[in-house]
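When the chains are written out, they are named A, B, C, D, E and F in that same order, and each has its own residue count from 1.
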Amino acid sequence: MAKTQGQRSRITTDLDFNADGKQIGYLRLPHSVHRSAYGFLAMPIAIIKNGKGPTVLSMSGNHGDEYEGQIANSKLIRGLNPKDMKGTVIVLPMANFPAAQAGMRTSPIDQGNLNRTFPGDPNGTPTWMISHFIETELMPRADLVLDLHSGGSSLNYIPSALARMGGDKKRDAKIKALLEAFAAPISYVTTALGENRTSTAAAERAGTTIIGTELGGKGTVDIDGTKVAVNGVRGILEHMGIVKETDITRKRPKTRIMEVKDVSYYVYAPHPGLFEPVVKLGATVKKGQTAGFVHFMDDPGREPVEVKFNTNGLVLCERIPGKIERGDCLFHLASDVK
Amino acid sequence: MAKTQGQRSRITTDLDFNADGKQIGYLRLPHSVHRSAYGFLAMPIAIIKNGKGPTVLSMSGNHGDEYEGQIANSKLIRGLNPKDMKGTVIVLPMANFPAAQAGMRTSPIDQGNLNRTFPGDPNGTPTWMISHFIETELMPRADLVLDLHSGGSSLNYIPSALARMGGDKKRDAKIKALLEAFAAPISYVTTALGENRTSTAAAERAGTTIIGTELGGKGTVDIDGTKVAVNGVRGILEHMGIVKETDITRKRPKTRIMEVKDVSYYVYAPHPGLFEPVVKLGATVKKGQTAGFVHFMDDPGREPVEVKFNTNGLVLCERIPGKIERGDCLFHLASDVK
Amino acid sequence: MAKTQGQRSRITTDLDFNADGKQIGYLRLPHSVHRSAYGFLAMPIAIIKNGKGPTVLSMSGNHGDEYEGQIANSKLIRGLNPKDMKGTVIVLPMANFPAAQAGMRTSPIDQGNLNRTFPGDPNGTPTWMISHFIETELMPRADLVLDLHSGGSSLNYIPSALARMGGDKKRDAKIKALLEAFAAPISYVTTALGENRTSTAAAERAGTTIIGTELGGKGTVDIDGTKVAVNGVRGILEHMGIVKETDITRKRPKTRIMEVKDVSYYVYAPHPGLFEPVVKLGATVKKGQTAGFVHFMDDPGREPVEVKFNTNGLVLCERIPGKIERGDCLFHLASDVK
Amino acid sequence: MAKTQGQRSRITTDLDFNADGKQIGYLRLPHSVHRSAYGFLAMPIAIIKNGKGPTVLSMSGNHGDEYEGQIANSKLIRGLNPKDMKGTVIVLPMANFPAAQAGMRTSPIDQGNLNRTFPGDPNGTPTWMISHFIETELMPRADLVLDLHSGGSSLNYIPSALARMGGDKKRDAKIKALLEAFAAPISYVTTALGENRTSTAAAERAGTTIIGTELGGKGTVDIDGTKVAVNGVRGILEHMGIVKETDITRKRPKTRIMEVKDVSYYVYAPHPGLFEPVVKLGATVKKGQTAGFVHFMDDPGREPVEVKFNTNGLVLCERIPGKIERGDCLFHLASDVK
Amino acid sequence: MAKTQGQRSRITTDLDFNADGKQIGYLRLPHSVHRSAYGFLAMPIAIIKNGKGPTVLSMSGNHGDEYEGQIANSKLIRGLNPKDMKGTVIVLPMANFPAAQAGMRTSPIDQGNLNRTFPGDPNGTPTWMISHFIETELMPRADLVLDLHSGGSSLNYIPSALARMGGDKKRDAKIKALLEAFAAPISYVTTALGENRTSTAAAERAGTTIIGTELGGKGTVDIDGTKVAVNGVRGILEHMGIVKETDITRKRPKTRIMEVKDVSYYVYAPHPGLFEPVVKLGATVKKGQTAGFVHFMDDPGREPVEVKFNTNGLVLCERIPGKIERGDCLFHLASDVK
Amino acid sequence: MAKTQGQRSRITTDLDFNADGKQIGYLRLPHSVHRSAYGFLAMPIAIIKNGKGPTVLSMSGNHGDEYEGQIANSKLIRGLNPKDMKGTVIVLPMANFPAAQAGMRTSPIDQGNLNRTFPGDPNGTPTWMISHFIETELMPRADLVLDLHSGGSSLNYIPSALARMGGDKKRDAKIKALLEAFAAPISYVTTALGENRTSTAAAERAGTTIIGTELGGKGTVDIDGTKVAVNGVRGILEHMGIVKETDITRKRPKTRIMEVKDVSYYVYAPHPGLFEPVVKLGATVKKGQTAGFVHFMDDPGREPVEVKFNTNGLVLCERIPGKIERGDCLFHLASDVK
């Protein structure tokens, strides 16, 4: 629960959540600092609405250096015509605005990783104020939340969608249909909730449905990942009945449903050093196979340490920066759902 | 010329440049600072020698976040047996040692970009002391210098070798043979000297020959680029007659000789923003073709600005980080030598 | 409520709140850090007391770069003679001590803006410890709290006093009399409580009365604002019956009672850039009138964006630093109470 | 109480607290940051166990720049043979791991002073996560906790052990026996609990017993302090019956039991400046005796300010860094228990 | 002389200094750093030319936080029509571009104060590259250089123009006519060259004439100073015959010619502390008159130290930030030329 | 030679080097920065003179965290009476003023280590301006220079004096007499000039004589070292005939003359880690004897690495901070001159 109870968000906006048409504007997050005693952080937001119908909240920039979803949301804001819609699309393209401005995973103001701060705090520093606003003001309005992530600066993913399936058949079928509508090359599911400070946990607390993505990474705007994002968001809006079906949806590729089961799917650095991988993204690997080597560059006679995979699977995600610390995630795998 | 004339380098080493065998040790760069009044920076170096023969200086880590050459040199140090050699290999795996320790292009101590500091300064800050040492103490000992670069954190290259051909037929033929021996997928040549503060300019001042590379990038250890580096260094040592010919050389692929002619081969950012590329590494493009778009994420209603290529060519290099400032290089091209 | 309940402040002092005479000393805020394992922050405080009578707490340095009140309190500490008094004056000249030491709005230790931290936290970082101490230890002792603010580094004000009038006639009359006693050129009132983390909200929670000021700004010691502060504090002490009436009070100027009604009184930056104002402090403006222009200096061909006032009023406050971010407050207005 | 209630620690480990033998490994503290999206901080831990018997938790690095205990625990991990034991020793050598890695009192990640954060917060920044883990997961397993401190970078101590005696005769006798088993040259006791955010308070909340130390300081590894630590830990394990008695215990020196009564035992800096002490560690001083002088180096004609002791006693602790701020602790004394 | 001799500037531009018309573009200052291996800093420049005639170089942003001239130059670039001109105007609105981007006096990249770096260094860090470019490439093209300064963040001036008169009657008359054409309220002259690293010294080395200004300050865009700047630049262009005479020139106010003779005209802080001035900008003061007081806020019982003027004069310039260090300039005076 | 030739120092002072009496004041080092456009750094200096006689320059704070000499010079300034003198004493107590203000070895402004910057640069950053001033303006006035160093924050010395003896018998005898006059417990001599950027090299270039010291360290004010400094300076002034002989000189202890011959006297860290010394300051050691161990705290199962002495000698100097990097000096020895 938010640390400060009974306090509404101090974030405001001039936009009207109930007005038809396309509104592009800003959330005002009060931020009184040395360089601006009465200033606010101006966080971009768009509300595109036409009459009654479902509401989709499409957010990106939860981590500021994950760009594919930000580009897709930017195109969505400019491209979506209220006349062609039924319902509401709320677009929050730079969710952790200070992080997205800086191109960082975390906020340069308070070091907050937005996806580890839900349910936030209305009296906290900006990242906590933002997660509190999203969980208490935006998510309750949405029938569906899209939270468009990528690998960011430190990771690289095969473009994927992801969601939690908890075993409730009806809900799981709904989730599966959404993943098929998004139509990423891979969709992976988890069965446990895990960390309760993420947007996923927040959406469940807020009583709505959420679909996430991992659309590339490397701190760049991945061309393929951006295409998956643009088509995926369109596919979701069509699936929700907000916009009409187009070729994008009719010809959409079939997604491969996989799962990431447990910690054995992850490979972590056993030593600090320089990591030389020997396996590429998309490869199929076996338990015990060499993943790579940790080199000790400042001790040039010392033999590198071999790193191995702990289970069988497909290499879904790889670390990018060569320099590593003990405990960095080097790879993670996925396996087909049987 | 070095800012301080007539002063020898203050960098020392316990290693003996004239001794046969494999010596792995450190250069001692005096560095008297708050945390260590009498300390030195311990820069790895190896001297592997057997009798008479040519001398090759293989350096990497000129930019600290360019890792493929560092891995190749690290393997070279451990793998090369003096018994199998004739001549000398000097390996300087982390040339700008503080930068390589930090995984940064430039030194965290003095912000120096080593490859913009030659001929250095024996009385300067560490980066300038290092370039002065390399130009005055290491290069004069070498018949050939390898300076193994990659794209680093901000760029990504098709693995390439590069060199300057100045029009002197004999010298150019020698250079071409070296590029063929290195056998990168692409070798590109320039005809003008350009910037006179690089290792290339330094090597020419020191009266030796130099071959450079661009072996990948993205701030990671590229698997393909590392392979090219390892085989390329071996190929060069075989070509120089220091080690015997092996399958690596006998079956080496043919390199494609290209050139980067002038500033029209480069695409620069016309605005700060978030760059969405639409063309991939390795593509062949035409003058006037769209290279990508600059998005203004904090001004979500503003149309992106289109960026175009200025000439025809092959996309040899792409920028990685999505966030851009006006003046950042987004792409550069190469064209086949006719 | 403070995050940690049931914990008394860890801030102590050797001074005796009940002793007659003038005591000048320090609050001890425990601060165990690398450079001083057992150190405390020594926050200046003075207690000047003679027998029975009302207690006034005069604080300044709530924001460390607001100096007029700090100078006035500094003169008060040295100039006030207990023999000439009846009652108690507690002076806290550098309320957010680390911020005031640094000349910053916010604390360099924890980035805290003291006036956004009430009711504080006895277990928090220094800024939260201070607001907790003020709300739980100092304010309950006071019949009246003066919190002497100015525009600080980013704003500039016509010297003003301010207070909240809530509609309770008796209380409002008392407040009005206090504003007249302070006798700033302008006094402005607000009717809603607004932000609940300020000294105003804290004083109301602590069951005491509070008067604030805005006495100049620009990060300097304003000559006029300092005079208003010195005379205003004296006027208040006379009004409270703690010291005898002097010429200052008998000849005090009449204050102009104004109000700042709502968000339309504020002008915010619509773009980042360099702001050129065209209206001076003290001007009377109309709704729709040009306030200034945002220039895009790094894009020199781009036309500046005009900024307008949203309502009629007197320019009470102006932004100082030329560089602006979207959301910075550029001006705020006041209008006469009718 | 921890700020977030009802949440278990997010710190995990592969080690088995119930398995016999010597396990050396890591705690995994999830830490998702820009350079490593899925990384964890790898905090060293060892569990050395043989059958049934008491459990001792030996922690050090609570403050990262206090090294004597870290060295002793490092030797303990490598030197202790499960075959020679009965019971369990849990060793946490770098309790505030990021601080200990950096050689700082406080964490470079969140500036946390671990010993001011108990009972911590499972949702907090790393220092708060660590104190929460220690209080909720480690301390409840222990019959005795050793928390090995030293003076660190800013202080220097005569090697001492310390504990709280509350007046409960049975408990106090047990504590005294433990101090005698540790056998530091000096053992000093306090009677009040004081600060409730320390490991001492945490251990009492967790229902276990705790012994602390101050084993030297100056930010160095003190030779005498390290010897006291190594022998003291051994002495405690023998006293607890986990290992057999050796010469260390049989010939252990007698500890001198002293006390630090109140704030008069401490000398604080009355001014910022450069402190010249005139009394050495271990000296016996009288109330009113000169402790040293504060020099005003940038005002070279100004007379230094004399600083005096406030009570009689033995100089147990001295400040190291010459530069001082008002409020820094310069000395503290101890007196024999009568 | 520049540290590196015989090396031309590495700064380039696509603009043609010899082409008629209005060209708005960028200088390219190569800047190879971690975030952009092949990037350049894009420094705005405009060349506005029509046929033959004199050349004026109008620069601003020599110090990045001096904005009045930047605004005037920004308006000049957009407002000047080549058709209405005879000759050339080169506008360099953000001379120390990184400083002007940051709104700082000095460059955030290399801490360079551009006006203390002439003649610069083509191999230096950006500030030194810029001063070298200005002195070797821009100034030699100009018949007149305008270098538009203000007080910046730390000072505030009565809007003034300034120049050096060396005693050469013809040259001094020319300078006087230029000052009258600029028509600032005050023009002050100096007779000695003084510091040889300024734009003034550079212009003399480059064989051209230079007029400077001090147009306000406080780190803001001063309304009056901006008006003086806009009219002054216009007046100069009319005086030079580049544009036709307008009302601005025909009705221009008469400037008051004053002088700043020696160090006695300056008042410096004798102690660190908080400075309370008692004299306003524009006042006429006498030698020995009180200028203000230094307060010791953290030592609240200590008497403030009085500061006095050392000579008679008009207060031309005042310090803005209240916090001072020993040696800060608090005021400087001017006196009428007799 | 200084980088900028033919330029006199820009540092000035109001003090008169030729006036009799005691003058305490400041050097003015122009330092134009964002917070103070026209400010100077005020470096304390004192000139104490009476008639004709030799001139001694006593400097300290060459490294800002070496305090014993600073305290001694501070006492000298206040304690020396011109009436009791013949000749001149110039005292520069905080030679690298910004470093001494900060308590750092190197300057926080430009990271300069003053003792690696001679002969400095009149156009450089502050540290270079200072060394240039000392070498060109102060040293040429002095018959003898005292440069009072200590071990500083990273080292600890047995209080010592030191000087260079070059083999010139007359000069060496003079040096020896000075060392005996200073009368530190140990005096050590070197025979080679070594580093040419130190005050020693500067003094030789300036044609004067210099005696150095190492008076303690640990970043504290060492009581014994301070006593040696105070008596040593007095002894030198007596020896030079500036003041009359006192008991200090008549009863001065005999200094032990030792030497530090070559690099074998130094022990350097072979690995980064935590260093546990096993030998104390003042011990006599043998070649091959264990000096200590490097512990790998984050790899708790890894065996520490032993470090040995490379020659016989007395432990004159030890490293203080426990955390080490490869290349840090851990100890250095001295041996008796035979």
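Methods note: a residue touches a chain if its C-beta (ideal position, glycine included) is under 8 Å from a C-beta of that chain, and two chains touch if they have at least 3 such contacts.
Please read these numbers as outputs of a predicted model, since none were measured by experiment.
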item	value
Most distant chain from chain C by Cα centroid	B
Longest centre-to-centre distance from chain A, chain (CA-based)	F
Chain D against chain C, contact positions shared by both copies (same if over half, else different)	different
Cα-centroid distance, chain E relative to chain F, in whole angstrom	42
Length of the line joining the C-alpha centres of chain D and chain F, rounded to whole Å	36
Separation of mean Cα positions, chain E and chain A [Å, integer]	49
Touching two or more other chains - residues of chain C	3, 42, 65, 153, 298-299, 319, 321, 326
In the complex with chain F, residue positions of chain E that touch it	3, 63, 65, 104-106, 113, 115-116, 151-155, 195-197, 266, 268, 319, 321, 325-329, 332
Chain C residues touching chain E - in the complex, by the definition given at the top	24, 42, 44, 46, 61, 65, 67, 70-71, 74, 77-78, 91, 93-94, 97, 100-103, 153, 218-221, 223, 226, 274-278, 280, 295, 297-301, 303-304, 319-323
Interfacial residue positions of chain B with respect to chain F in the complex	3, 7, 10, 26, 28, 30-42, 123
